[in-house]
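What follows is chain A paired twice: with chain B in the first complex and chain C in the second.
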Partner chain A sequence: MQTTLPNPASGYDRAAELQRVRRERLQTALIDLSVTLITILVALLIGFLVLLIVGKNPVVAFQALLTGPLSRINRTGRWLEDATTLIILGLSVAIPFKARQFSLGAEGQLYVGALVSTVIAIYVPLPPVLAILVPIACGMAAGFLLGLIPGAMKAYLNANEIVSTLMINAIIIRAYDYILTYILTAPGSQTVTSADVQVFSQLARWSDMLNLSLGRFNIGIVFALLLVAGVWLLLSRTPFGYEVRMIGSNEKFARYGGIDTKKVIMLSFAIGGAIAAVAGSHLALGVHRRLIPGISFGLAFEGIVVALLARNNPLLIPITGLFYSYLRVGGEIMETQASVGSEIVQVIQAVIILLITAQVLADWIKRRRARRVA
Partner chain B sequence: MAESLIEMRNITKIYPNGVRADNDVTFEVRKGEIHALVGENGAGKSTLMKILYGLERPSAGQIVLRGQPVTINTPQEAIALGIGMVHQNFMLVPSFTIAENIVLGTEPVKGGLIDRKTAGDRVRQLASHYGLAIDPDAVVDAVPVGMRQRVEILKALYRGADVLILDEPTAVLTPQETAELFAAIKQLVIDGKTVIFISHKLREVMQISDRVSVMRDAKMVGTIDTKDASEHLLARMMVGREVFLQIAKPPAQRGKVMLQVRDLEYVSEAGVDILKRISFNVYAGEILGIAGVEGNGQTELVEVLTGLRPSIGGKITLDGEDITNHSPRETRQAGIAHIPEDRLTNGAAVTASISDNLIVDRYAKEPYTKGGLLKLSAIKQLSDQLIEQYAIRTPDGSVDAGALSGGNMQKVVVARELSSNPKLLIAAQPTRGVDIGATEFMYEQLVKERNAGIAILLVSADLAEVMSLSDRLAVMKDGQLTAIFPSAKGLTEEEVGAYMLGLKQQTQLEIEKNW
Partner chain C sequence: MEEAFRVIFSAAFVAAVLRVSTPIVLPALGGLIAERAGVTNIALEGLMLIAACTGVLVSAYTKNAWLGLIAGVLLATLFSLLLAFFYLQLKADLILAAIALNILASGGTIFIVYLLINDKGSTASLVSGQMPFIDIPIIKDIPILGPILSGQNLLTYVMLIATGLVSVFLYHTRTGTHLRAVGENPDAARSVGINVKLQQYLALGLSGIFAGLGGIYLSMGYVKFFARDMTAGRGFIALAAVYLGAKQPVGTLIAGLAFGAADALSIQLGNLQVPTQIVQMIPYIATLVALVVYALVQRQRAVNRQRKFRQQQAASV
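And now, the complex of A and B:
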């Protein structure tokens, strides 16, 4: 947030200024928080009105939406399982976003991660622990390489990353479908799925460990939280993170200062790709324990929302990830309990996202204006 | 005496950051004349015209149009009053045809759709009337720069402009296109239009204008009839200063050759020769100034030297080490520090903290990075120390650089660059846009570094500045050095100005003698 300093003609009381800046920062933080809360309230209100208009009982529907994920333990499990994937995906896009690269490649990277890690988890016999780590690492390597392609195209050929990542997604998803249908599905099988992954490669479920019916919620959340710490460390405490932040702040300045901007931009795509692949592994090894068609169902784009809501701050991503998946799961419950169509659920979710991202946009405009005046 | 059409009276413009772009400027334009407005970059001429065109609002002063006081808040209001402006950077939709661009916003409509035929016909008619050759059906993207400019002029005329402001119209044109433009301008005047022509190319001003107004340092120096003017007179009005900033400077203790540049060539992405076999030396303990009207290759020279642009020929040596086409990081490691001409675009990241701004050239080195991690305590120590040493007005280094005033932002840049202990310091337009206090600070720093034995290359369009700071002085014109003077002492501004404007040129032998 901008803090402006007065320019006294003479004398400069640093201690007083420091206090003033700190006070302003606290104020800005409080204002930010309250604006966010108000935004959510307004969005819910609009959703409420939408429900009224379509002639549903908004009270019942909202009860389902707002309390649904906590109403039964298996629903809570569904919420946390969804949040795990969304947190990982949010982290994956936060890295290129931080460098101001609008990579939309997480979807394809997720598929590649799921495919590679599952193939290894099915066919390569490995001892416990390694049977989890090796497939995930291989999936990450594949995601990294897949991210490298649009990254290199952007950095060295100035190809628009939005177009290139979407095109690559299309190719990867078709390839995934083909491999799953014609190679991994057992001949004569009734459904299109791969074989189950080996037992040691399955991410253990909390329901088995805790004897609670938490559904498919699994130890993937541990990986997600480790990644939160890792991405935070990477972005705020390493030279690479510094380079990413400077490129995001002013690419020309970064280049002038000696940063190899092309390399860093390319790597930001690739590292994002490696993390998105973990989300794929989580779905394949933890949630489904095999490959199914359309394993992501557009989740990667929800990950973008999670990152945007957190303003690409890795420490906020678990919060926004939990929040957003709460809405998603609450929406599912609303759909079944209040027989509200999924379209309406999506409209309400979209309104919330729209309002919140509009606030992010307003911030961005504010900054731009401040810069122009300066 | 012709009637006056526009009078801008006592116009003052102060930007929010405190920069005074126009200071009590009075400017008068008569109906039917070609009035040239000249001055160095930053003299305030563009701001004055932006005020007239409604892009900026004056802090004080009055505009009188055809005898009536008017306020112009937006370009739309200016256009309604018959004032049109052609900007230096064209504002056209590249994917639209020329006719579409010209009628944009006031399209003839038939049945709810744009009537392309009528639009094309009107545009064709207008173009042929003024002798502005264009192809209405061509897409803007595909036509040369000269035609795009004619499109901009037609756009203004189409909207009924009586007064046309042309902002450095010839900067992007070839000599032939310039001749065509001048013919068109003459036709406009015959037709009763009035033209304000912003330029710093004095030869063209002498050729085309009826009267010339000269601005310098945000003030109006004066207005004279072109027939009474000469390029030398105008040059002196443009750059001459009553008061020099006095700089105490002991004699240079010139050491070894620090930077050696030989036959350096650079071709722009558009394929234009920008640097044409440039050669010179900078010695330890001296300031070599490069004077010249902006846009003669100085920016590119600095960027080639610092690794931001690739040269296509020639050799750059720093302290005996070949650094030709090294990356920005490699040139920094070799010992070049760089105060860039555009500090907001290149020199600082305004949305990053001051500390982050201070370490961009050294974050990856010890003690700022240890064991693969940034060492925040070392970074804080450095930033606290530099903030203290350079008296940067901020509570601490965690504040965004964008919150600083222009002068303090410049201090951040200077603090970083000088604290890197360079062998060569390149300072490009180091005092542009900063106030007197910050200017003096900059001068002190440059002289101090020079006295400490650092080689300094000073590139500045401010003639008084380069002349008083430099030990040796080179002049750049059209991508070449047209003169190198072994001492800046005893030179007059007129003399240097003559080389800047290409009226005089040293022989190759004279230049080589003073490399």
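And now, the complex of A and C:
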């Protein structure tokens, strides 16, 4: 290896080289950004055309869709609350995806996180601050362990991770339902729901602190932003992150280069699981302040869209999370104001995924061309 | 407990298992064909929804159940081919494109139903068609066997026959062999002149047909309406049945019946105050275990093959 390193004395200009690399990075980032923006515009346009074809007034509908979340302060709160969950889920999905592992387990991990953290937050008396941190940490540990199962199955047995994570989701969702219905719900209660979590364990709401009616929007957003920084550090500034990225770009080469690919793959599932569990804690301790049946309803799949739009880049996930929940909340408002089914948002979402994943080829060509020019 | 056993060993229960399994086994056969061609189809769920919704709407507006069947299966097949196009031509990621298709189907079907009849829950207000239930002469008069095998929906019989047909197709036809070769090792298949893309198009197209039939059964056999997300995860269970059935047609049928049995049992035991969630968990746990066992068997086979190869080498020297 030593002999292949360029000799600094032989006309190798380190500064110029660094500058070139930086310029190239900026170029790719700009290409990525423009491709994403164009994709979103095309998808919105397709939604617009669909409304036009089916005889609805698309202008009225899109006005509600695109301005709705900002039209009233409580709607803004709803938007930011939804974005918090989606940002955390996007981060959780990005880690295994970065290693090219299609873990769809975030849904089950979310439920486990919600369940474990809420049970502790109801039954274990803890002092302030700890009353929030301990339940969330325990939830994360549970999510981590749950992620280890499909991770180990994939890494050491080469068992299809899509099937295993979907099976685990199905099992966990039923276990959650069972525990909530038969153990946590007070006997004789009219509705299936757990007791409220202790006051100290509730994530404080901005509406109480700022005296604005921001609904259930709470300090969970701080945790989400901390996680953004944490995941960014993990992926781009640690050996583990480097190994994940190596495996993602070429697993065989990574193994040849001496990386314990099995361990890293397994851990990528588990760490994603720990983060998805925080999304569950946010829903349980912050949004609902107790457990309700079906607390997620497929949110994890929305997290995939968020991660995909951000191209698994943790620093972009807050932006795409905010964007995507804006569309979701806007869709709800559009439905009430323009009597257009909010499901058109799902159609737009599907188009975005299809265009972005098909765009991979275009990107590849662009990058090759850029390289050839250089 | 005694009562539970009486429930399980009744003819009515076995007949119910066949009824409940049909919308699992039909898409599972589609998933199997795709899987064997090396293209895991996780869009089965969405394809079923598309067919279920189209079938109901077309049959309601044309007053013809068969037109509903044809339109539903056709549209599901077209969407499956669209998935193939994105994957094979546009190099989109198969899994993500399939997720997109599922989202599109879930949202799109409700969007259209809401548009047409201003109801988001279901199409219960429409009068839609149904596939016929068939009484088989002679068999229907045999005690015990009669109530099980006779009087089922047409598509339940289609499911049983299709399992045999898929088996013949995969193992006893030229195309089926090529299709499996593509799934085993696409590079090797390409090197002997098999058109890999064509085989994968074919596999996804066929899986669209089977998923479509499963969807039609749900909304035009099992019940007579379309409801929001009425597949309720059956497309994913179907995929699990493929793996639980060791990627074999008969295995897939048996696995699908096992899933159906657990489902039917949970309904029955629910009446007996046994928590349904626990019973419903069993098939998923079984699939997880099967996934591990299958992986271990595959690994052992590879080891054996290597050992045999080495022995042959040693013998020839």
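Here, the second predicted complex is superposed on the first by the 320 of 374 C-alpha atoms of A that agree within 3 Å, B and C clash if a C-alpha of one lies under 4 Å from a C-alpha of the other, contacts with A are read in each partner's own complex, and residues count from 1 in each chain.
One rule holds for everything that comes next: a residue touches a chain if its C-beta (ideal position, glycine included) is under 8 Å from a C-beta of that chain, and two chains touch if they have at least 3 such contacts.
What you are looking at is a predicted structure, and each value in this text was computed from that prediction instead of being measured.
By the touch criterion defined above, A:V21 lies against chain B but remains apart from chain C after alignment on the C-alpha atoms of chain A. Using the contact criterion defined above for the overlaid structures, shared-chain residue A:T67 touches neither chain B nor chain C, since it reaches no partner. Contacts of A:N57 after superposition on the shared chain: neither chain B nor chain C is touched. Looking at the complex, you find that chain C touches chain A at residues 40, 42, 86, 90-93, 95-97, 99-101, 103-104, 106-108, 110-111, 114-115, 120, 233, 236-237, 239-240, 243, 275, 277-278, 280-281, 284-285, 287-288, 291-292, 294-296, 298-299. The part of chain A that touches chain B in the complex is made up of residues 2-5, 7, 12, 14, 17-18, 20-21, 233, 237-239, 241-242, 245-246, 249-250, 252-260, 367, 370-371, 373-374. Within the complex formed with chain C, the residues of chain A that make contact are 54, 102, 153, 157-160, 162-164, 166-168, 170-171, 174-175, 177-178, 181-182, 301, 304, 308, 341, 343-347, 349-351, 353-354, 357-358, 360-361.
Only residues 15-18, 306, 308, 327-329, 332-333, 338, 340, 344-352, 356, 359-361, 363-364, 369, 372-374, 376, 393-396, 399-400, 402-406, 409 of chain B touch chain A when the two sit together in their complex.
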